[in-house]
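In the two complexes that follow, chain A is the common piece, with chain B as its partner first and chain C second.
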Partner chain A sequence: MKPLNSLKHFLADSTKINVARYVISLIATLLIGYLLIVANNANAGVALREMFKGAFGSKLAIGNTIHWAIPCMLVGISAAVAFKSGVFNLGLEGQLYFGALTAACVGYMIELPPVVHQLACIFAGGLAGLLYALIPALLKLYFKIDEVITTLLLNYVAVLATEYITLKLMGGNSATSQTSIVTPFVNKTAELTPIIKGTSATTGLFLALAIILIVYLLYKYTLVGYEMKMVGSNLPFSRAGGVDSNKMFIIIFLVSGFIAGICGATEVIGVNHRFIAQFSANLGWDGVMITRVAANSPVGVLLVSFIWAAFKTGAMQMERATTLNRYTMNLLQALFVLFISIDYGMLYRKYKDKKAREAIKKEE
Partner chain B sequence: MELLRVMFSTVTLNATFRMSAPLILGIAGYCFCRKAGIMNIALESFMLIAAFFALLGSYLTKNYMIGTLFGVIAAVVLAALYGLFTFHLGANGLITGVGFNLSGWGLTTMLLVMIFHTRGATNVGAVSYDTIDIPVINSIPFIKDIFNNQTLLVWLAPILTIIAYIVMYKTTFGIRIRALGLNPEAAETAGVSVVKYRWIAMLVSGATMGLAGAFLSLNSLAMFTENMSGGRGFMVMASTMVADGNPLKGMLFGLIFGYCQALALTWSSLGVPTQFTGMLPYLAVVIILFITNFKNLKKFGKI
Partner chain C sequence: MSENISNQSEYVLETRDICKFYGPLKANDHISLKVKRNTIHAIVGENGAGKSTLMGILTDTVKPDYGDIILNGEKVVFRNPMDACRHGIGMIYQEFMLAPNFSVFENIIVGFEETKGAFVDYKKSREKVEKICKDYNFNLPLDEVINELPVAMLQQIEIVKVLYRGADLIIMDEPTSTLTPQGIEGLFQAMRVLKAAGKTILFITHKLQEVFEVSDEITVLRLGKYVGTYDPKDLNQQKLANLMVGREVILQANKQPGEPGEPVLSVRNLSVYDQDNIQRLKNVSFDIHAGEILGIAGVAGSGQQYLSKTIFGLSKAAEGSKIEYLGKDITGNTPRENRADHIGYVPQDRMVMGCDVKTSIWENTIMGYHRAHGFKTRWLVDHKDANQFTEKVVDDFAVKVQSINSNVGSLSGGNIQKLIVGREFSQDNKLLLIEDPTRGIDVGAIEYIWGKLLEFASQGAAVLLVSHELNEVMELSDRIMVMYNGELYDGGKYGEFDESQLGLLMTGGVAQKYETIE
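Up next is the complex of A and B:
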């Protein structure tokens, strides 16, 4: 009976700590946010109201929120797949760029019937992301080069390389200004259909939902998913159990890159309808933050993506209506992630140990 | 042909000396972290925030020395925060690093818009470093073009590297740092406080990254643009990794990457698209990582 009781205790404690983690982080972030608002001579109530209005206030606002939720979900689940298994793919941004450029090229160069064309763009984008993820994966596997450093640097390469390729495609030269480096528009057949008129909330939403569902089912019901989880939570154990960790590593890295590529593709065929140089404002990094806040769970990614998207659209409205600029929101989001990543469980145990020791001292 | 010719021109070599300075400054401090077994991707944010505060300090006081001090203090404070998160609050180093980098980007852009009302502040009235004129080498034709009229921090970089080398290999402090990186438990048993030495390494790397950041914004033009560190923090990390924490070797790699940046500058002035030349330094890092780790191919197996 005793072990069962202690297990119960443990479970209760860890849930409490998890709730505490989010509550403490939220309070800390709100406090800093409040200070920032005051420092900007703005009214906190007005800022919050404008943010809410910007994210959910009208049909258009909701559409905009959904529009941002799509890439957030995709890049978030892409990061979740990698991070859950302890693969630190920080190259989402780069993979996303190559996915976007490839999708744009397939979109404007090839003639295909409507739905097939969309799928072709998405698949091509995913494939490009996958191939770009293959570089750091192979470097790690064969040469033991830390994937963290290679993915970080390859991000910069990808942003510039896609820009350069676009420049060559459109026949520009070194005098072409950066803002005008774009591919031609994709064909109408390749564009995703909006589900809310006048916004970029497209059928990409269903694609993102489907991918999250697939990942969820993969983890829950399949052997591969179980192995992927085990590699992340206990590598020696999974090796002893006969998991080929090299194969797993490659699979995870490529799947993550594939989804990141798809994210880039949906941005192109759903929102901009063409590839724009340096279009992604740190979207890849949003994925890393989202999966951290969601504790690497697919359902969590779904929820957090909508919150993230609401922040993005809300921040725009807040910028228009108050003296605050939208970078305030970026800062607060990153700070929230920092507070979340504190190991509250460890701190709590330390605190309890200290108390127990003091109690013993008193008895003596 | 013109492109090949400028590869060894004094303009490129002069720029190499200049462009590698922030890298070398950063490497000199980060070597201690590397030896103490700390991996820190937040270096990028240290540099970015230091660059911003150095500009702000110089703008407010019209004195580049105080500006530099602002930058160094900002970076040291950040390093202390990073140390607090990873050493004492049990946060994962990588996630904390990503959080720091994104916060750094958010904070600097936010402050940039708040204070200077622009996303790229140039000519705001901040004072940049004076160039140092050395009369002795003025008469030597080739050398004069490369080494004269550089700023103070350019000269400080190799000096700091040599100091770092001496501290690392000739003092008790250095021996302890290296020992605890190799085997923290053994060092702890021998009476070396692992946490204390990691803290010192962390703060030292913060200070030198602060200098590197100040160099970015206050050298030649006093300016700050959004995300201006542009991966230099990661280059510092990579150089130190390849050099395995040896400051002198680190300086060598810093010079190589600085050379690539300098070449990118001169080539783009000859009409090569900046998108292409901009890739060179990053590709150089990946290639050097590849070359230096090629020997690992034999050990293929466990990750």
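Up next is the complex of A and C:
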């Protein structure tokens, strides 16, 4: 029975390691954050309080946090779907841009009744993201071009192409700055309803929650979800097991692109109410970081998105109230992702080995 | 190393209380052994007995937790693998450590080049290599590129490489696993030549027959512990097997050849080209009948892999090939279609293609079953059904698991293999394509899987058994075919041909290439 006991040991260890992973990362990040704040001649306590106030201190603050949590959740779950299955869709940014532009067009060009119009915008945005994701997917399948390269480069294409199209829609070359390259405002019928007055916390929240729930259920209960997970975990094994890996690859890519497109759409009809060229402040990359921290789990994405959003809104308040720059928070977020990515299991095993060695020496 | 050590102590190597623990697992538990100078010393043990860990410690690829290594009477502590090498310990790994795109000569001298200032002195290095080849009677094509040479030749290159590095003690890890019977005989001759020249050889194996053929002393390890060192004259195969596993083991399958039924699989003119457009199978034709095990023997890389892969749909058959299964043309069908048609597949590479170590046991077990047999609905995973099926496989095949929700990675190699084989056997498959079902697992698990395989065939299924273990093919197959260079040769019925006859076929019936040592 000895091997069984040792097995138990190892399993318990892996759970412990995962808890330790988050605890250590958090402590290390807080420590570095503290040093940074002190180095900037600010009071860490005040900075933290202002951050908290900025994120949750008032109805308005909570509204702002929810406003940011919506795109974080959507782009995070979009990244999770791809990364969990080993598809490195780094093109979330690009898919999001095409989703946003398409939603804006559907929003201002077409007349529809209120709810239908919103849904039409969201669906059109998703579809645009999906179609834009189809390009790297096909390039990979038919020409064996790595999706990391194609999606990365297609991001630039998307950002500039949407800007160009917007310029043309405006009817000319009149714009003088990028922020003035915009589509007309969408019709009132297409706008998402705010759930907290005076903020951009809209009904998009329910949409984001629903999508996370759907993805969660997909993995837990459906055969497609099972196959998506297994393909990501071990492709040759899944192929030998009769999974059509090419089909799965396309499905995963398209689902990921669809959700990224929806994210773009909610930004347009929920926040800006029009498409603004180069509007996204690296939202796509936030998605990659969020899913990394969440270890590709849908529930994890939900939690991390709110934390991410709280950081975003809290940092602005912190900047207003202290001498600190809000990019301090970005730095700390990135550090946190780095700490999370450390192979703690390996370190733990080394430590165990060392302890075992010492124990034997003592015995002798 | 230099000559002045040859008159030193009787033992070239001694280990004292070597310990290596991986967490709670004791890979080496106070191992103390002595190796006599100028002998061939076999180290035997089941998988997981601690052989590889011990060798890793001797070559410093694994750091011991405790214990001393005494080399030529002196305690040594290695700083790194190169250091172990400088102390005269040379290792020949099971998987050859050669750079495929470089020449034989370059592979031999790499890391230990003779130098002239900052430059490599090719002339001097070459002279040294040539002298070694001459002294030990190796005939190597020094300027040829590695990837064009046969396996037996690669092994000779490895031997010359460790001699070039000044090895006095040569460790060989399962050196015979990739060789034909003739190649093995050649290797044994080489070992004897090395011994005659004053070298000491540590020979790791779990093939008992070989142990008796060459070794002067046998050390047995079991579950990380040292069992003892024996003189081969005092033992026989049965006794040695008992020492290894601590119980009686029958190494024969006791097959009862049956009457084959209707043909299940008919392969006609099957040709396969790999991604580099090299022809791997050349117009292969054969039938397998119900209740029959067709064994495919052959040296690694003769094309056997492509046979099962192509039938299963993982490789593409060339134009003109025809694969017929129960009267239906299945050429070009996908693995999913084949699984739905009750064709099972056990791939050779169990850790990559056979299972996924990062997910749970039940998720691994329902792979294949989930579509081919399916659950109540087409779209959802029926967790009740999945659990029942997994429990059945685990029970029927005596897989030791803690919970079916544990990761497959937490199981031992033998248990993983039982799980994989069990998964395919439990799906009422009518045809099973199975590659190396017992490679690298312990005697107990081999016995179990062999028994199950024979039972499976006796119930009327057809089995294509591709194995690199000739003994396995001979013990289990109703009919044997030998694959050589992409072509199939008749290897007779069960018990018709003996090992050396088959070995000759495995090398194309031509004289051995491994013939340089007289």
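In this section, the second predicted complex is superposed on the first by the 343 of 364 C-alpha atoms of A that agree within 3 Å, B and C clash if a C-alpha of one lies under 4 Å from a C-alpha of the other, contacts with A are read in each partner's own complex, and residues count from 1 in each chain.
One rule holds for everything that comes next: a residue touches a chain if its C-beta (ideal position, glycine included) is under 8 Å from a C-beta of that chain, and two chains touch if they have at least 3 such contacts.
Nothing here was measured: the structure is a model prediction, and the numbers come from that model.
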Quick one: chain B or chain C, who's touching more of chain A?
B
Which partner chains sit in contact with A:Ala321 here, chain B, chain C, both or neither? Use first/second/both/neither.
neither
Contacts for A:Leu154 in the overlay, against chain B (first) and chain C (second): which applies, first, second, both or neither?
first
Given the touch rule stated above, what does A:Phe143 touch, chain B (first), chain C (second), both, or neither?
first
Would you check which partner chain A:Asn234 touches, where first means chain B only, second means chain C only, and both and neither mean what they say?
second
Which partner does A:Leu48 reach: the first (chain B), the second (chain C), both, or neither?
neither
Of the partners chain B and chain C, which touch A:Leu112 in the superposed model: first, second, both, neither?
neither
Classify the contacts of A:Leu134 with the two partner chains as first (chain B alone), second (chain C alone), both, or neither.
neither
So, A:Lys352: does it touch chain B (first), chain C (second), both, or neither?
second
Which positions of chain A sit in both the chain B and the chain C interface?
none
Residues of chain A touching chain B in the complex:
36, 40, 88, 90, 139-146, 148-150, 152-154, 156-157, 160-161, 163-164, 167, 173-174, 181, 245-246, 249, 282, 285, 288-289, 292, 325, 327-328, 330-335, 337-338, 341-343, 346-347
Seen from chain C, its contact residues with chain A in the complex are 19, 21-25, 65-66, 312, 314, 334-336, 338-340, 345, 347, 349, 352-359, 363, 366-368, 370-372, 375, 378-381, 400, 402, 406-407, 410, 412
Quick one: in the complex, what on chain A touches chain C?
3-11, 13, 221-227, 229-230, 233-234, 236-244, 349, 352-353, 356-357, 360-361, 364
Touching residues on chain B, where the partner in the complex is chain A
39, 41, 85, 89-92, 94-96, 98-103, 105-107, 109-110, 113-114, 230-231, 234-235, 237-238, 241, 268, 271-276, 278-279, 282-283, 285-286, 289-290, 293-294, 296-297, 299-303
